[in-house]
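What follows is a set of structures for review.
Heads up, the next two complexes both have chain A, just with different partners, chain B and then chain C.
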Partner chain A sequence: MVMEIVCPAGTPAALRAAVKAGAHTVYCGFNDETNARNFPGLNFDRSEMRAGIAFAHAHGAKVLVAINTFPRAGEQTLWHRAIADAHHAGADAVILADAGLLAHAARMHPDLRLHLSVQAAAANADIINYYAEVFGVKRVVLPRVLSVPEIAAINAETGVETEVFVFGGLCVMAEGRCSLSSYATGLSPNMNGVCSPASHVDYHDDGGVLDARLGGYTIHRTAKNAPAPYPTLCKGCFSAGEKTGHLFEDPVSLNAEALIPQLLKAGVTALKIEGRQRSKSYVAQVVGNFRAAVDALAEGRPMPKGMLTRLSEGQAMTTGAYRKTWR
Partner chain B sequence: MSQPSTPIPTCPRALAQLLRVLPLAPLSLSLTAYSRRIAKHHPGLFRRLGVYGDRRFILDPTDLPIVLCLDPKGGRPRVQVLRQTTPHDARISGPLAALLGLVHGAYDGDALFFSRDLVIAGDTGAALALRNAVDDAELNLAQEIAAISGPFARPLRKIIARIEQHSGVFLTRPDDAPAW
Partner chain C sequence: MELTIGPNQFFWSAEKWSAFYQDLASAPVERVVLGELICSKRLPFFQDRIPDAVTMLLEAGKEVALTSLALVTLKRERKQTAALAEMGLCIEVNDLSVLPHLPKGAPFWVGPLINVYNEGTLAWLAGLGATRVCLPPELPLASVATLARAAADLGVAIEVWGHGRLPLAISGRCYHARLHNRSKDNCQFACEDDPDGLEVRTINHQPFMAMNGVQTLSDSYACTDHQIELLAEAGVSALRLSPQSQGFLTICQAYRDRLDGRLPEGGIAAAARDLAPEVRLSDGFLTGESGVAWSGSAPAKTTV
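Moving on to the complex of A and B:
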């Protein structure tokens, strides 16, 4: 069995690059608050989505539309319209997190395939089976807090397909629940589709030292010529008591390439690459790399070694919780 | 973990010196006309800027003694070549080769930011919008120049290919060959 590579696309050009590089599936979102990467200059309007899906289908690839933020009370129409438009555009599935939206999609679009977003933080077989029984969810994107044996245990107890992150930025908290960004800026990935919104980020060059501020708080200072991280609070460098350091997580990127054989054995169906905010250059390289790895695995060849360090946050990589003990 | 050694080329000194003495007004006029041509052929680029379409951007090739001031003006852009910066909303700085590689989709903007080859200052949202809009536009600056060069297009393409080969600077859009 060839594991499915699920690849990000923030723009139509990135979608085409992903498909050309060999992505089996591409995920993307509309250019509004309905998706968790609501960044300036990113995402698809309705006609771009239709054209992107047609392009992917013509090349044998699937498109999943992420509608994975939590609607605000009284404003559900925006999210309902996004589901209907994704369905009419020919999306192969929608990726949802909110139970109300799942209920709406199951009722109003019974033939639309539903995936459970990582934002739902479904991390055990009971809750996954609940989503499958009640809403007909066919696949779950597992949160990045599980080890490989824990993933295997979940797969043993559910018939729902599992998709796991293998590369890209790390969200280290229980996803869909993290309020760090809200605390500093009033905006969060869960409600507004932005963690550390660009509008609240300030960089200052202080004699070669890069000061990153979020909502007015300095969250890290990067020494001259040292690799810079994203300005997210979970990767911030803080002083607590006598110690100064990365309290929650070091500024590193996930790369679970070496764990692909174990993830296959653990029953994982699809491998997800993070990074809808990244360029088509990133997309093409990461997809090419992972596609070559899963093809080699399926054919019993040794997996090629990747060269993805330069693309990684802080130019450093980790296998994340798959092989991690918490501080 | 070690970093792959793919240094970004720096501009030859001669070009920097030339720009110190060259009159900048004709350069500004030609770049404005050129950017309007791009706007005509890639309207999506300016649409993607959305609310940031009226911001002023400084593009600062750090290995040259000039900066470019870009006013997108909702799709009727104006470019000024200046020896000194001017009031602006967002500034994107880096070696000319990094900026050109970014425009041509050869480099990833975040990777350039992680490696400190690209520095953003001012309105981060505006800088991000411009970067994402340019990435989607799939520009090929050399091809745009060749297209307005009439009978000189063919020799010009040859010269550009030569320079590209020798300098390692992305003057055209590599088809499917991102550098990193």
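Moving on to the complex of A and C:
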């Protein structure tokens, strides 16, 4: 069996590039706060979504529509409409996080396939099976806090397909359960679809050093001409006790390509690439590489090695929680 | 409005734990949620004291519930979670993994770490038996008011995070262990040294967060001194006060006096500052630009 490559598309051009590069599946969202990458200039309007899905289907690829923020009280209609429009546009599934929204979709769109977003942070077989039983969820995107043996244990106890992140940004907090961003800026992944938003970033020149600040808090300090990482809150440099450093996580991104054979063995159905905010050339290159890897694996050929390091934009790479070093 | 005491978020010695709940029995609060919320490794240290504490609090006329863990991943934690549901006491759900284990139709409470952002989720939980929901702390006042109206129709009581360091994130990784270059499995209970969490500052010394094992909290103590009238008007039925190691009964009494009209607006903040002059307070999630904001002595800006 070939593992399914699930690829991000922030724009119609990226969707087409991903499909042409060999993505089995593309995920994308509407251009509003219903999706967790609600960045200016990104995402699809209704007609772009219909055209994108038609293009993917014509090329034998599937499209998943992420509607994975938590609907705002009093304004659930916006999210309900997004589900109906995705369904109508021919989406192969919607990716949801909010329990009330799952209940709505299961009731109003019984023939629409439901995937559980990573933002639901379903981290054990009991709750995954419960989502399947109650809402008919067919696939779960696993949180990035689990190790490969834990993923294998989950797959041994559930018939729900599992999808795991293998490349791109890395959350170290349980996804969908973090309000660090709204504490500092007022905007959060759950409510607004953004984390550490660029609108609240500023760079402050402090006598030869450059402070990268978020909501007025210094997240990184670098020498004036050194490259400054984006001030993502949980990957900042802080002090506690006697220690100063990256107390939560280093400014690293996830690359689990070396673990693909183990993930297959662990029963994982699909490999997900993070980055709907990325360019179409980045997306095409990452997809091409991962597709080559899973095809090689399926045909018993050796995996191509170390192919993606240069795409990490100078950031260090990590296998995250998948290797058990977090424990 | 009533007062609910949330589960202690920190790791205290068994003696301190028992003494805390003994004192709480005489505090002017309506209900208490207790048990281990953050880390399953802490539970064996005080587990055998829970039944006595529950009995004592019930005898003192408090409603009592046991909390679930906030993040259930390991086999051991799943077993603990299943066992919790069979104890015959009211459960406060802080990870949805509890739901499949609850006796069908039995009433339960929902804690602040469950994502109840809208009427749909509230109605779904009410349909399963939820009778009390403490809303996620990041919700603004307008959402609180909308949810309180919906809850009234569903017969669900709504609580809001009233006082204490805000629970901002939970992780699979233990930051206290990481700070001491230890693995989570070999943490040697580094979090025990910080009974209110360990202060995390920015590189230019600005207080920002607090670490507590796998949890990350705000540096500031949330305080609803300036929102009490707005919250009551919105239909909120209880404020949740989160245990702190020093002066907690004083905080409880200040809220009680403020709710009963014996303490003017500003009185709770003053009491908190009397206890700890350096304490930083916040109420921004409810009425400010960002969570850390504090409306200070100025009248609250937003109305329902």
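Here is the rule we use: the second predicted complex is superposed on the first by the 309 of 327 C-alpha atoms of A that agree within 3 Å, B and C clash if a C-alpha of one lies under 4 Å from a C-alpha of the other, contacts with A are read in each partner's own complex, and residues count from 1 in each chain.
Convention: contacts are C-beta pairs under 8 Å (C-beta built on N, C-alpha and C of every residue); 3 or more make two chains touch, one makes a residue touch a chain.
If you're wondering where the values come from, they're calculated on a predicted model, not measured in any experiment.
Novice: Would you sort A:Gln262 into first (chain B), second (chain C), both or neither based on which partner it touches?
Specialist: In the superposed model, A:Gln262 contacts neither chain B nor chain C.
Novice: After superposition on the shared chain, which partner residues are touched by A:Ala73: those of chain B (first), chain C (second), both, or neither?
Specialist: Only chain C is touched by A:Ala73; chain B is not.
Novice: A:Ala99 contacts which: chain B (first), chain C (second), both, neither?
Specialist: second
Novice: Contacts for A:Leu42 in the overlay, against chain B (first) and chain C (second): which applies, first, second, both or neither?
Specialist: First partner only, chain B.
Novice: Let me test your reading of the model: by the given contact rule, A:Thr319 touches which partner, first (chain B), second (chain C), both or neither?
Specialist: A:Thr319: touches no partner chain.
Novice: Which chain makes contact with more of the residues of chain A, chain B or else chain C?
Specialist: C
Novice: Touch test for A:Lys20: chain B only (first), chain C only (second), both, or neither?
Specialist: The first partner, chain B, only.
Novice: Per the contact definition, I'd like the list of chain B residues that touch chain A in the complex.
Specialist: Within the complex, chain B contacts chain A at residues 1-4, 6, 48-52, 102, 105-111, 113-116, 119-121, 123-133, 135-138, 176, 178-180.
Novice: For chain C, which residues are in contact with chain A within the complex?
Specialist: Touch residues, chain C against chain A: 70-75, 77-78, 81-82, 95-97, 99-101, 113, 115, 117-125, 136-139, 142-143, 146-147, 150, 166, 168-173, 175, 178-179, 183-185, 198-206, 208-209, 211, 216, 218, 284-285, 288-292.
Novice: Taking the complex as given, what residues does chain A use to touch chain B?
Specialist: 10-14, 17, 20-21, 39-42, 197-199, 201-205, 210, 222, 225-230, 277-282, 284-285, 307, 309-317
Novice: With touch defined as at the start, can you tell me which chain A residues reach chain C in the complex?
Specialist: Those in contact with chain C are residues 70-74, 76, 97-101, 103-104, 121-127, 129-130, 133, 143, 145-146, 150, 153, 172-174, 176-180, 182-186, 188, 190-191, 211, 215, 217-221, 234, 236-241, 243-244, 247-249, 321, 325-327.
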